[in-house]
Amino acid sequence: MGKNVKLRLENIDKSFPGVKALDNINFSAEKGSVHVLCGENGAGKSTLMKIINGVYHQDTGNIYIDDKLVEIDSPTKAKEHGISMIFQELDFVPEMTVEENFVTGNWPTSKFGKVNWKKIRKQAKEILEKEGLDYDLDTKLKDLSISDIQLLEIVKAVSYDAADIIIMDEPTSAISDTEIDLLFDKIRSLRERGKSIIYISHKMDEIFKIADMITVLRDGQLVATKPKEELDIETVISLMVGRKLSENFPKEDIEIGEEILKVKSLNSHRIFKDIDFNVHAGEIIGFSGLVGAGRTEVLRALFGLDSYDSGEIIINGKKIDVTSTNDSIDNGMVMLSEDRRRYGIIPVRSVKENTTLANLEEFIYNGRLHRQKEIEVVEEMCEKMNVKTPSIDTDVSALSGGNQQKVVLAKWMVNDPDIFLLDEPTRGIDVGAKFEIYKLMTALAKRGKAILMVSSELPELIGMCDRIYVMSEGKLTGELKRKDFSQEAIMKLAVG
Amino acid sequence: NEVMAQEEYRVAYIARAQGDSFAAWLANSIIEESNKYENIDLQVFDGQGSDAKQNSLIENAIVNEFDLIIIQPNNGEAQRPYAEKVVEAGIDLITTNARIDGIEGGSSVDADPYMQAAVVAEMALEQVPENANVVVLNGPPGNFHASERRKAWEAEFFAKRPDVTIVGEQIANWNKDEAMRYMEDWVQANDHIDAIISMNDNMAAGALEVVKGDPEYNDILSYGVDGTAEAVLLIKEGRMTATTLQSAYALAERILWVSDLLVTDKVMEIHTNIGNPVVTSENVEQYIEMHEKAGNL
Amino acid sequence: MKDLKLGDKFSRIKQKYGIFLVLILLFVVSSLINSNFLSVRNLTNISRQISITTILAFGETILIISGLLDLSNGSVLALAGLLSVSVFKMTGSLILAFIVAIVVAVFCNIINGIMVTKFETPPFIATLAMMAMARGAALLYTNGQNIYRIGDYTVFGQGSIGFVPTPIIFFILIGIVTWYILKHTRLGRSLYAIGGNEEAAVASGINVNRKKMLAYIVNGVFVGIAGVIFMSRVNAGLPNGAVGFEFEALTSSIIGGTSFSGGVGTAGGTVIGAFIVGFLNNIMNLVGVNSYVQQIIRGGIIALAVIYDTRTKKMRTKSQLGNVE
Amino acid sequence: MKDLKLGDKFSRIKQKYGIFLVLILLFVVSSLINSNFLSVRNLTNISRQISITTILAFGETILIISGLLDLSNGSVLALAGLLSVSVFKMTGSLILAFIVAIVVAVFCNIINGIMVTKFETPPFIATLAMMAMARGAALLYTNGQNIYRIGDYTVFGQGSIGFVPTPIIFFILIGIVTWYILKHTRLGRSLYAIGGNEEAAVASGINVNRKKMLAYIVNGVFVGIAGVIFMSRVNAGLPNGAVGFEFEALTSSIIGGTSFSGGVGTAGGTVIGAFIVGFLNNIMNLVGVNSYVQQIIRGGIIALAVIYDTRTKKMRTKSQLGNVE
């Protein structure tokens, strides 16, 4: 290998209970280059990165940095070796402020070991100014949306100058194209400065925009490492999933039925204003907008996670008062959150329990849970959604990010509501499974369900929706019919 | 087997609470005293100040077929049915400090808690000045000794001295540090306090600790029960007025004497009391000597 | 995975039943040390002795699984038991007395529940406050005095059905109820979810506050029953009884694998935890270990038991890995 | 945010200082109820009374912020204080005695730390085990008896520098140290991160185990000092002293806003929590409230204080939201 190699992994093996996550992986990252890692959900991407970052330790195999054998047994060690990482499951301290988050683990101190708050503030201000972000420095992270946090994490990772190897595990899963373009500018400048970037994503077009090298993992094995030029999207996908895959959206013409959900001038204290829209049976409605446009907030209010100040929510012609999630669920409306860690999974409980959680009454006979029925339903659902898990009794926390997302989706499928509010439903889901989910959505629509999908991926919205509403700064700025769909039209409305 | 002519008797002593300093002293004395009896093999169990625990220990001792079970009840009535079970099982029984009255076939050795307080209360009757302000420190609620001693003070002192005002009365759970806390507050709330009436010496010592060195309280009277090493010293220094000696040694001596009589079947049932000597500045020297000999000082 | 050797098999058992093996070990060692240990009478004794705190521990387990806690159970037990005894002395009705105990304990736990759900007080503080209030109320009611001569009331704690003492019967019944609730009902599932991730539980449409309230109510029923057995066993109405029982209940529950981070725990584990403590106390008394030394040993063994359990659980993760191919 | 009206301003103050306002209210009401309350002597008295448990509460605050806990502080205090007293009686050296107390308490806390970090025992169990072991050791050492005639040892707890009693000086110093550690050192910030989300802390390159160990060591130093002051104040070596102090320390800490979920808490809050309890006990004694009624009132007011604090905090979050534009 050339001198240019910054990081080299040799024969890495790693197993977890019930799975061999990595099988004899050889991988290297060069200086001044972007190495993209792709593969299906559960292929082992995150595991490999966590080994580099010292969160896990490989069972066998070696890691070399600058051709020297290194032992990375903790993230502290990794940091000493100039490695910084944005995690897929964004790991942050909810009680920490935006300001302190930038320096956590790395607080600047005076000679006497006193934390230098002035410097922290100055640094934080500078960073935010430079990136053109206007977050209040004293806001706690728990009060931000997951996309805000993702943005901040990106900013933090790229501004940390001491890092030579920067790992980004699905950094764009919750942000939209505009922010992605900004991120790519950052990455390019890092590349010019000779840094090695390892980048994981399920978004194919994105990969080809930024990659120098592409490595594909499948079931814990490395199936290809090639320069971008030697690959194209179809090849990568077929390497990933082991077969060809059509990239057409499985959109079908479905007869639009009755209006199921109608929202009339919904307001929430300065977060969103005068939201008016409706969804019919068999219809898939999209919500588009930039990060912070307020889409998530609208969904949360509809679902009863937040309160709203005024406005009407009408389901099947009946006005309902949503004060808690029970109100909406009882009226057949459910929401899939973009923040699966916080609002999606119960990490210490099994796949089975997570899947049936929202519809337990279905399994109760004479006050007792019917185990057999539960197992059947869950197994069927896992098959349908292609959830990769050693068994349905495995704790959800042991699944890969994408598979956790599938479990959360499965939970709502089991619940079988009339209205689906889906906030970034394909977040972190691989291309193969994505199309399965699109098919599922189509099938649901066919059964007369109403679907409202918030997504930051324009192709997905354009491909799947019947109508798209666009939001900007808390207001609806327009509604597009399918025949008027185009990236340009949406973006124009999104910037307000 | 001629050498082992004498039979060994297994005796269980079920203490109220080994964490409580008087109970610990008594247990230690009993162990020491038992060493003088070659035919007695004594085991000590700790009731940890809990009725439920103590009852369990009694049950265990019955199951284990001890020859004699000595109970220092945490709370006489609560242990009664279990003490009765001891007798039913054909095992010798002694209840002590305080006795459980009226168990047929059971023996008892005691210092009467009512009398212990009554003797100092009688002294106080004379010593406490007219229209005095006094504070009262109580033991744990529901505790037999605590309530008997308080009853004695009520009957022998307060009932006879309507002129005396109780300006503060709290439960300090036999503890020195808790008593200090209350006394500190009372000192703030009252112009003067003439006497400390405490159900044991630890609490009296705690209250005295608070007014130590304060000339205003040079003449404060204070009464306790137990005759602990600390109390005896305080009396010698002239800071404490009087206490009743509840002598663990005397109790232990008597208990072992009775034990021997019972296990060797010399008697079937016996009830006996030790005395309640009052310790004051006049006779304090002999008690200091006693504690010094015991290594408590 | 095909040729599982005997050693492997054993190590699997060890991993799955870590804390249970500790119990077995303790049992075997105790039987060897002292011949009295293994008698039916002694084992019955132990079971009877741990029955009250284990009943409390069942309630505590349900609560901790849900991310809650009860520090007031000892005090509420005393208050409920005391009022029950006093109602019995007034009316002579055992049934009424039993009902009163449960009503009082449930009432106190409803207040706990309201503080925790409606007023969002941390369970530690809410139940600490209740601990003080219930104890104060109990002492105030009898002015610190004990109630004696409780007559037939003793059947609850000193009686037996067939050969089995009543406290053990209650212990078994409540254990089964706890197991059933946790394992087989919607309430149980919801509680695991709430403790595991409350926000996700809310987002799954679980009425979190109602379930938490139910958890406290169930706990209240258990505490009430424990109160009746306690007073009956000590043969008196003790306003100052059962002090520190909250710690003992918590200990059994935690040794049995219930986790303060919530979402994890079982009724069976709690029973095991309770017996570990029970065997330990019993054998040390049988052998006649000095009380102070007992404390030291007890502390040490409890720590070792939990350390062993944690270790084997970790090994499980590791060795299962090896079997995947 | 521009036209902040007076009402707004007040409501902001209320929100920011919820529990502090409770303290002020208690202070004012107490002053009105009893004229003795507001004297310098009485306030000094209160400060001295709460000093020991508050010193423990500072350690507890640091630990709880880090997601840890110490139930052993009362027992370790007794053991450390007792050995310190006994070393003083043997050598006559105050300095040596002081050092011994700290060494013993730190030693016990290092064991706590090892159990928690290396053996991954839950802090509840680890420190509960230590609670039993330290108490057992203390009682064993003197065979349950108290040590009297401790002579000059009393300077630590009964002396004063100028007008200020030594316990208060220690209390203030340790408070400042706690504040400084939490606010201004990497250790402190790391502990917040660890308690707030341990995995995230690990991922940020914080050496979690080392920091947890340090937290226990700091706690050990505080407990050792508290031990010296305690024995000195009671003018004896009491192996059975300071029982239940862990609860009092926890209570001050939690009332002061430290959260069991970790990552939240301050030294200032703990002081406020301690004074709320201190004022409450003092005024009830000054007025001469019946012991049992005291318990009920104390429980009630602690619950109310925390409820009020939670409520105002919730309002805060809401009104801050309004400023997002």
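Annotations for the structure displayed:
Letters A, B, C and D mark the chains as written, and numbering starts fresh at 1 in each.
One rule holds in what follows: contacts are C-beta pairs under 8 Å (C-beta built on N, C-alpha and C of every residue); 3 or more make two chains touch, one makes a residue touch a chain.
Everything numeric here is computed off the predicted structure, so don't read it as measured data.
Per-chain CA centroids place chain A at a distance of 42 Å from chain D. Chain B and chain C, compared by their mean Cα positions, are separated by 34 Å. A separation of 29 Å divides the Cα centre of chain C from that of chain D.
Counting only residues that touch two or more partner chains, chain D has 135, 139, 143-144, 291-292. Residues of chain A found to touch two or more other chains are absent.
Multi-chain contact residues, meaning those touching two or more other chains, occur in chain B at positions 18, 141, 171. Contacts between chains form some other arrangement here, matching none of path, ring, star or all-to-all. Under the contact rule defined at the top, the touching pairs of chains are A-C, A-D, B-C, B-D, C-D.
Across the complex, chain D is touched by residues 53, 55, 74-76, 78-79, 85, 87, 91-96, 100, 104-107, 109, 113-115, 143, 269-271 of chain A. Put simply, chain B touches chain D in their complex at residues 18-21, 23-25, 27-28, 138, 141, 167-171, 175-177, 180-182, 184-189, 205-206, 209, 212, 228-230, 233, 296-297. Across the interface of their complex, chain B is touched by residues 34, 36, 39, 41-42, 45, 48-49, 135, 139, 143-146, 148-149, 158, 230, 233-236, 238, 240-243, 281-282, 285-288, 291-292 of chain D. Those residues of chain B that touch chain C in the complex are listed here as 15, 18, 43-46, 48, 50-52, 55-57, 59-60, 63-64, 75, 77-81, 140-143, 147, 171. Residues of chain C touching chain D in their complex: 115, 119-122, 124-126, 128-133, 135-137, 139-140, 143-144, 247, 250-251, 254-255, 259-260, 290-300, 302-303, 306-307, 310-311, 314.
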